[in-house]
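Presented sequentially are two complexes of subunit A, the first with subunit B as partner and the second with subunit C.
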Partner chain A sequence: MAIYIYGVIDSNGRPDDPMIGLEGALVCNLPYRDLGVVTSDLDARIPHITKEHVLGHERVVERLMVNFTVLPFRFPTIFDKKEDVLAMMNDHYDDFRDNLGRLRGKAEFGIKVIWPGDKIRTRMAPGENSAPMPAPASPARSFLKKKFEEHQIEKKIEDEADKHIALVDGFFNKFAAEKKLEKLKTENLLLNALYLVEKEKQGDFRQAFEQLRSSPGELKYLFSGPWPPYNFIKMIRP
Partner chain B sequence: MNQAVKTDSPGAFLEEMEKTRGTLPKRIVANPQNVEKGLAKLVLTLIELIRKLMEKQAMRRIENGSLTEAEIERVGETLMKLENKMRELKQIFGLEDEELNLNLGPLGNLL
Partner chain C sequence: MASHNVIAESKDVALVEVLDRVLDKGVVISGDLVISVAEVDLVYVGLKALISSVETMERLRGGPFVGPMQEPT
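Entry: the complex of A and B
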């Protein structure tokens, strides 16, 4: 016997429509005070995780999102017995309540931007004699000079990336309650951004993407969402 | 919910996302055949992190002009030897640069 957890919701009532979750098991809402932890009873822990399991978890969370505020749990979260689940709820109740309050009526959106980082690097002139390095007179100096030139190029690329990111973020920032921006995760992935957006502003957010997408330039864009707010849950208490 | 993924370049994004996957295993695979390589990868990754930090600090000091002639010589020699030694060790353990990566959370990847 194992208890699979999809997430915590802001209701201790039974879900209106019966849902089937992982391994064909019924989805239940286990009440804890005014909240509920959404679970499925499995015969055992999942021995071989498949793509279908991951999508099954996501499907349940997304259906819950229609009627409730959801704190999605990381896939796969499994407890051995009900008492352990209730103990976890007891330990983190205040955090769960705070997060549910903060995330109510909001969803997560992703914006990714690719730029030709590899080409930009080759375009950057090395050094331009701005290096306060004397002419190399030894292998050690020559090594350091080369490193310094590379460092200067990196700095120029970072500055260029910051300018582009500020421009892209300008399209979305005004519609977001919170955001997380990750710069240059790879040479070409200029921006990996996550935005938390209120329901009423999601139309504007989508429109901002269409505007950005139609603007000329050499950047490539990817939009995704709305998703459960996986990346905006903040657990403060240990 | 009307989930959507919109892009004109799905292939390019797939390729970049593949690159963002961490290379360090969640667990060290410790069996008699590869325990040495697994541990070497972990240790060399940490040394690489320290080497990069030293290099960044040196660049900052050069920019500020706070290194004397003698210090430039010494720092250059140290960093050069360290880089050569790392190259040697990577060769011994059959490790590529991309394998010595580390996800530093909000700071991104080490390499």
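Entry: the complex of A and C
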């Protein structure tokens, strides 16, 4: 027997609707002061990483999200016994309370922007029309020249990326309470952006995406959300 | 309204987006009480590599990025 944790919520009451979680187990809310830790008792000690289990975890968290502020736990978080779970709640109570307060009424949205990295690189490379460089006089000079040119290309790509990212972020920034922008995680993934958006502004946020998607250009976009705030939980205390 | 440049859009987003969050984000508790299992991390290393980039999914599928839980747009 093991206690599986889906997340912590801002309520210590019993959920209105009975929920079924991983492996068909009932989902319970274990109260701790004014909070609750949402769990299932599992027969298996560790649930395997399968599509069903991962989606099962997410389904429970999304159901919770409808009525509560929820701090989702990473899959799979397991404890041996109830006393250990309560000890964990005691250790982290202040962090949980602070996060729940900060994230109340907000949801996470993801925007991925993809550009043709290989084409951009080719475009940034010195073309035939560029001014001819004098022939290098030695292998060392040749090496340095090559390095310099590579550096110039990288800088141009970075500048181009920054320009596009500023443009994209301009669509969403005013609707976001918090954001995380990750540039060029891979050659083609120009931007992986995460925005934390208040409920009242989520309509405007979606509208901003509609505007962005209708703009011309070679960028492609992926929109996802609303999500529980997986990416905006800050655990400060050890 | 042009939609040619939208790869995917839905609340029922691609599995890769779910995996990225459920397996890599959220509250992480460390300590003696929580049961941590080395094998899980090892499995995850492979899984993370598999899902690390959207463009890889695109390339493998030979087309737009469409997850199992969504409708193509």
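The working rule: the second predicted complex is superposed on the first by the 223 of 238 C-alpha atoms of A that agree within 3 Å, B and C clash if a C-alpha of one lies under 4 Å from a C-alpha of the other, contacts with A are read in each partner's own complex, and residues count from 1 in each chain.
Note that in this section contacts are C-beta pairs under 8 Å (C-beta built on N, C-alpha and C of every residue); 3 or more make two chains touch, one makes a residue touch a chain.
Since this is a predicted model, take the numbers as computed values, not measurements.
Peer 1: Taking the superposition on A as described, I'd like to know which of subunit B and subunit C A:73 touches: first, second, both or neither.
Peer 2: A:73 contacts subunit C only, not subunit B.
Peer 1: Just subunit B (first), just subunit C (second), both, or neither: which does A:213 touch?
Peer 2: Both partners.
Peer 1: Name the contact category of A:138: first (subunit B only), second (subunit C only), both, or neither.
Peer 2: It touches subunit B, and subunit C stays clear.
Peer 1: Give one of first, second, both or neither to describe whether A:147 is in contact with subunit B, with subunit C, with both, or with none.
Peer 2: first
Peer 1: What is the contact status of A:182 with respect to subunit B (first) and subunit C (second): first, second, both, or neither?
Peer 2: First partner only, subunit B.
Peer 1: Check the residue A:112 against both partner chains and state whether it touches subunit B (first), subunit C (second), both, or neither.
Peer 2: Once the two structures are laid over each other on A, A:112 reaches both partners.
Peer 1: Of the two partner chains, subunit B (first) and subunit C (second), which one does A:227 touch, if any: first, second, both, or neither?
Peer 2: Both partners, subunit B and subunit C.
Peer 1: More residues of subunit A are touched by which chain, subunit B or subunit C?
Peer 2: Comparing touch counts on subunit A for subunit B and subunit C gives C.
Peer 1: Would you sort A:65 into first (subunit B), second (subunit C), both or neither based on which partner it touches?
Peer 2: first
Peer 1: So subunit A touches subunit B in one structure and subunit C in the other; where do those two contact lists coincide?
Peer 2: Of subunit A, residues 112, 114, 185-186, 188-189, 209, 213, 220-227 contact subunit B in one complex and subunit C in the other.
Peer 1: Can you tell me which positions in subunit C touch subunit A when the two form their complex?
Peer 2: 1-3, 5-11, 13-15, 17-19, 21-29, 31, 33-35, 37, 40, 43-44, 47, 52-55, 58, 65
Peer 1: Going by the contact rule set out above, which residues of subunit A touch subunit C in the complex?
Peer 2: Counting only subunit A, the residues touching subunit C are 2, 7-8, 45-46, 49, 51, 54-55, 57-58, 71-80, 84, 87-88, 91-92, 110, 112, 114, 185-189, 209-210, 213-214, 216-228, 230-231, 233, 235.
Peer 1: Could you please specify the touching residues of subunit A with respect to subunit B in the complex?
Peer 2: Residues 62, 65-66, 112, 114, 131-134, 138-144, 147-148, 151, 182-186, 188-189, 192, 209, 213, 220-227.
Peer 1: Quick check on the complex: what are the subunit B residues that touch subunit A?
Peer 2: Contacts found on subunit B: 1-10, 12-13, 16-17, 19-20, 55-56, 58-59, 62-63, 65, 69, 72-77, 79-80, 83, 106, 108-109.
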